[in-house]
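Two complexes, one shared chain (chain A), two partners (chain B, chain C).
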Partner chain A sequence: MALYFFTPFIAIILTILGGGIIFYILGFNPIEALKFYFLTPISNLYGLSELLLKATPLCLIAIGLSFCFKSNNWNIGAEGQLTFGAIVGGGVALLFYNQEGFYILPLIIIAGAIGGMIFALIPAILKTYFNTNEILVSLMLVYVSKLLLDYLVVGPWSNPEGFNFPETRQFSDSSRMPLLFEGLRIHAGIFLALAAVMLSWFVLYKTYLGFKIKVSGLSLKTAKYAGFKGKTMILVVFMISGACAGLAGVGEITGPIGQLHRMISPDYGFTAIIVAFLGRLNPFGIIFASLVVALTYLGAETAQIFLQIPKYTGQVFQGMILFFLLASDYLLFFKVKILSLKKNELRH
Partner chain B sequence: MSLDISFIGILIGSIMASSVPLILAASGELITERSGVLNLGVEGMMIIGAISGFALMVITDNLFIAVVGSMLSGVIISIIFGFLTQSLLTNHVATGLALTIFGIGLSAMLGKNFVGIPGKEFPILFSSLKESIPFFGPILFGHSIVLYFAFALPFLTNFFLKKTKLGLVVRAVGDSPVSASNQGINVILVRYCCILYGGAMCGLAGAYLSLIYTPQWIENMTAGRGWIALALVVFATWSPIKVLIGALIFGGITILQLHMQAIGFRIPVQFLSALPYLMTIIVLVVISRDSRKIKLNTPTSLGRIFYKEK
Partner chain C sequence: MATDLRISNVSKIYPGCIANDNVSLQFKSGKIYALLGENGAGKSTLVKILSGVVSPDNGEVFLNEKNLKLSSPLDAKKNKIGMVFQHFNLFETLSVFENLSIDATEDNKSLRVRINEILKKYNFSIDLDVPVLNLSAGQKQKVEIIRCLLRSPKVLIMDEPTSVLTEQETEELFISLKKFCDEGILIIYITHKLKEVLSLCDEVAVMRKGKVVSVSQTQNERVETLANKMVGQKLAKIKKKINISKNKDEIFKVKHLNFYSDDPFETNLVNLNFSVKKGECLGIAGISGNGQNELFQILSGEIITPDTSIIFRNKEIAKLNPKQRREYLMAFSPEDRISQAAVPELKIYENVALNNFKSSNFFEKGLVNEKKIKEHSKKILSDFSVNTDNVELKSQFLSGGNLQKLILGRELITAPELLICYNPTWGLDVGAINYIHETLIKINNQEKSTILISTDTEELLKLSDRIAVIYKGKLSKIMPSEEVTPEKLGVLMGGGSID
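Entry: the complex of A and B
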């Protein structure tokens, strides 16, 4: 069990080493490059705030995904649920674009969560009633939602005074997440993420629902034998997951962005899958993992400025983390095998 | 704009050209999936093929080396996926996603010095016939050799799966790895081969984009075609000939949007772009409801981990 939570650290170390090798091949001093990548971005207060800013959506989405993954439901369309949540939440924000009031932000947040939830229900309902593969449906819907957003910001929702830029009006001040510190971009959305962590810990480890989710993940047959209703549970975990992704979406548009445009998320929905795995589907593990993965985003931006390498390098690190993590799971598997062998030997 | 017959010929020709990367990648992925392996890394393997093909073309100035090299690079990157899923028994979905994310990042890193370099003209076959025959000319002639290969590939794949012993082995491994293994088939080896073949085809699909279709290197230039190819395999219900038809439909939608944009048609282009994805979902629902239909071609063990107890 200790090894189970230890291997993510091995994966991170191997990723850093692998990154060093890649930097070396590309002709950079690996130590220098890694320093720019992993230390420079968080060496000041602004950097730390940016780290938390990027970790917030990752953490929120990954918490939601952990419900799905724990119960063996492969929702990989969180990016789509984020986008649709942002569309619904953003729509509400645009309704109030010239109004102020304390009730506006809560309305947007609720709308975003419901939006994400509805969008996640599509693969869930198709899975429960038509037996379709949720991996493919949720994935296809990512592109549908992104195209819908594209249509809205270019067409009906585009800013009438915006010179045909593909973006909506700026949201009113009441539609924006309150900033935590003057001059930093970190906003109140982080409390949503922390609340999600606490709630998910409570639900997963202290309630009957959490027990059912875990049992279904370990063995579907056992869950059926125990009389757990599989269909309702699939719907519930997808709704939780979609709501979290939708919250992440509204967090972005009411936080740092302040309007709708094409690029509201640098694939947070996909990267959060890595976060969920790296955090071992454990709420507190996910906090840690979201910080690590957020650093790869930040590092890529810093490296782009200082080393003139494309910011896509962040994805090289993200991919490597998941590769190494999955590979190191083999160690666990292997260990289980050795242990079970020993038990057999004892018996005979 | 007049819709005369020669224009329609040219239109069909361009639809064929735009469907080539989809046919190649989807045919490769189809073999991989028929062996029971779900590789979501298509987009990543394609983009790696695109950059390595283009880079090799610039470095060696030899298109043959570039095309072969792109396929090899697809193979190399798919080895990562094969090793993880087959030897280390990792989850197919997570590993494939990691491959796509990794591939997009790595290609941008490798391609840093190749942005803005003009491509080389790829030789086309029968260019004189293209001009001289009015309607069929642009459809049948004046294409690159890769296009002809792509259009033959679904038929070859169909023949391979249905008429050859090896094809039967691949299907057996995909449908029931345990029985296949009991028959003495090396399931892991077969799956490795299918994964590497899929990698080679995705690499070629990428090279088609960077060497022939739009001869240059742009970051993220596959632009989601890998995901459409994945959708296409499902849309075609794992049948190679239907892959060809589906690719022409999906390719046609792409070309259609360009023309509709040009003539200022009413339907927003985004709705047309969303059609391939929506159609795939509908097909999924239809085939999944009817268990007989899905049993026909769907590899039963798709995405499940297989290991042999020793």
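Entry: the complex of A and C
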């Protein structure tokens, strides 16, 4: 059991080692490069604020995904739910583009959550009533929502004064998340993420719904035998997951971005899958994991500036984390036995 | 060249059960040998030893007086022992030829020639270039047989080969097997179907509880004598007092239970009708895989079948799920206690909460009432003498017997009117079995009813008031248990008919 929560640390250490080796092969001093990657970005207040800014959507989405994953529902399309939530929330923000009022931001947030929820319901309903595979459906819907966003920002919703740039108008000040500190980009969305952590802990560990999710995740046969209504639960966990992703999307567009354009998320929805597993699907583990993974985003940017390596190394690191996590899980819980086979035995 | 296979004093002990107890057998080519026994008699273990899948704790296997050290299936292959398992080991999406060429040692051209020779010789009609998934079960089995024949085996072991075959395919198989036998291949045929033994085999070895109880010529045997040997006549000494009374109310009544499945590994159920009286135990006997799984799931509400009528305490419950059925005071104890009746990773009290009634108040307004669940769990642990008082213990640390006591306790502490259990003592030690049998008798004495689906005939004869046998998804007529003998049961379980 202790090992179960220990393997994420092993995975992180192995990732750092692996990264060092890659930097060495690329011709950099690995220690220096790793310092640029993991320490420089958070060595000042601005960097810390950026870390929290990136961790916020990751944490929110991963919390939502943990409901799905814990109950054996494989929602891979959080990126699509994020996008659709941003579209719905952004739509509301654009309605009020020339107005101010305290009620606007809450409206946008609620609209975004509902948008994500609706978009997550599509794979859920198809799964419960038509037996489709939720992995495929939710994944493919990502591209649907991205293309829809694309269409909106170049077409009907594009800024009339925007010289045909693929973006909408700037949202009004009342549509923006309040900043926490002057001069830093960290915004009130972080409280949404923290609230989601608390709430999910309560739901998962203290309610009947949480109990049903846990049992279904461990054994679908037992859930069936106990008479849990499987269909309702699938719908509920997808809705929770979609709402969280939608909130993350709204947080981005009303926070650092302030409008809708094509690139509202650097694949937060996909990266959050890694966060959810690195955090062991545990609400507090997810906080920790989201900070670690957010750092790979920041590190990639610093590395691009100081070492002239593409920022896609961030994805390499994220991939390595998942790879090492799965590998250490596998190798820690299984016994490895090396068998020697003689050559003639192989031939027969 | 004649083949002589000798098993000498082979034993294999698994934790909690002796699978093979000092088994010695001798086989000579030119004959077809049957290995007969109930579920858990030790046939499969013996076959696994012969095919190198498991190593015996004691004893040796000799082939033509050469001591075989079979430590892997590869060793068995090298020593020309071929094996066709009940479930096929074929790649469904690959063609027949590709499947056969996977472990071949020659080039494709000569392999194809050899396969065609075999096809012609034994009159098999299989298209080598269609994917395996398009084949019938009988054809797939032929592919497995061809795979063995390609290695010119000395011994061919068939494990319950007819369980997936139609009557027609079975006949074809028997013709082929007789041909192989004439060519000098030693055939060992594992089954629990008595008629097949009599029509196909020359000699029969019967196993019971890990031991070989008889070896005889089939010409000296009849269905009844074999059934007797297979089931054993040893009856439990404390048989419960039969409490059938014609006047008692029928508490549970099933009409027109039909189930059709697309899954080839599930059994279709054909028009089952039966009822249970108050305070009665209805036993349902049968070799496993004859529809018991499906029957249990339909009775518990895990599978809902249209057009079935299930009346319980004068209410129609056929459309209700397990949770709703529990509210009407039914309780269920499935066969699979480790991954269905309980979750090993959950703590004892969490497993107790799986059976939750509105009135039990485990969950109030959607919130977990841990205190209540734990109190309730403590009571179960002490009332049903589970060997721990720690409700925080994960149930994976309970022994099989204690886990089963916990499950039965959880189901019974709500005083249900009807308990449906499926192989409740499967894999348990004698002490736990006795405890569970006593418990089941006790609830009948309290005027509560039970349906006992079991593959253990001894248990059924000990506990049931009336018994029916399920065979290939059909239920025999229901007999008062004093009229039932092990012999009769054995015949019915093997697909025969009585009177």
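By our rule, the second predicted complex is superposed on the first by the 332 of 348 C-alpha atoms of A that agree within 3 Å, B and C clash if a C-alpha of one lies under 4 Å from a C-alpha of the other, contacts with A are read in each partner's own complex, and residues count from 1 in each chain.
Definition applied: a residue touches a chain if its C-beta (ideal position, glycine included) is under 8 Å from a C-beta of that chain, and two chains touch if they have at least 3 such contacts.
Keep in mind that what you see is a predicted model, and the values were worked out from it rather than measured.
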TODO: Evaluate whether chain B and chain C can sit on chain A together after superposition, giving fit or clash.
DONE: clash
- [ ] Name the chain, either chain B or chain C, that contacts more residues of chain A.
- [x] B
- [ ] Look at A:Leu194 in the shared chain and tell me whether it touches chain B only, chain C only, both, or neither; answer first, second, both or neither.
- [x] neither
- [ ] Report for A:Ile110: first if it touches chain B alone, second if chain C alone, otherwise both or neither.
- [x] neither
TODO: Name the contact category of A:Ile76: first (chain B only), second (chain C only), both, or neither.
DONE: first
TODO: Determine, under the contact definition given at the top, whether A:Ala327 touches first (chain B), second (chain C), both, or neither.
DONE: first
- [ ] Kindly classify A:Tyr225 by the partners it touches after superposition: chain B alone (first), chain C alone (second), both, or neither?
- [x] second
TODO: Classify the contacts of A:Leu209 with the two partner chains as first (chain B alone), second (chain C alone), both, or neither.
DONE: second
- [ ] Looking only at the overlay on chain A, choose which of 24-32, 78-86, 114-122 or 168-176 in chain B hits chain C.
- [x] 168-176
Open item on the list: From the superposed pair, tell me which chain A residues show up as contacts to chain B and also as contacts to chain C.
Closed with: none
Task: chain A contact footprint on chain B (complex, rising order) - done: 38, 40, 44, 80, 84, 88-91, 93-95, 97-109, 111-112, 219-220, 224, 227, 230-231, 234, 268, 270-271, 273-274, 277-278, 280-281, 284-285, 288-289, 291, 303
Task: In the complex, chain C residues that touch chain A - done: 74, 77-78, 105, 300-302, 321-326, 332, 334, 336, 339-343, 345-346, 350, 353-356, 363, 366-368
Open item on the list: Considering only the defined contacts, which chain A positions touch chain B in the complex?
Closed with: 22, 26, 74, 76, 126, 130-133, 135-137, 139-141, 143-144, 147-148, 150-151, 154-155, 267, 270-271, 273-274, 277, 308-310, 312-320, 322-323, 326-327, 329-330, 333
Open item on the list: For a test of understanding, state which residues of chain A touch chain C in their complex under the given definition.
Closed with: 205-211, 214-215, 218-219, 221-222, 224-229, 345, 347-348
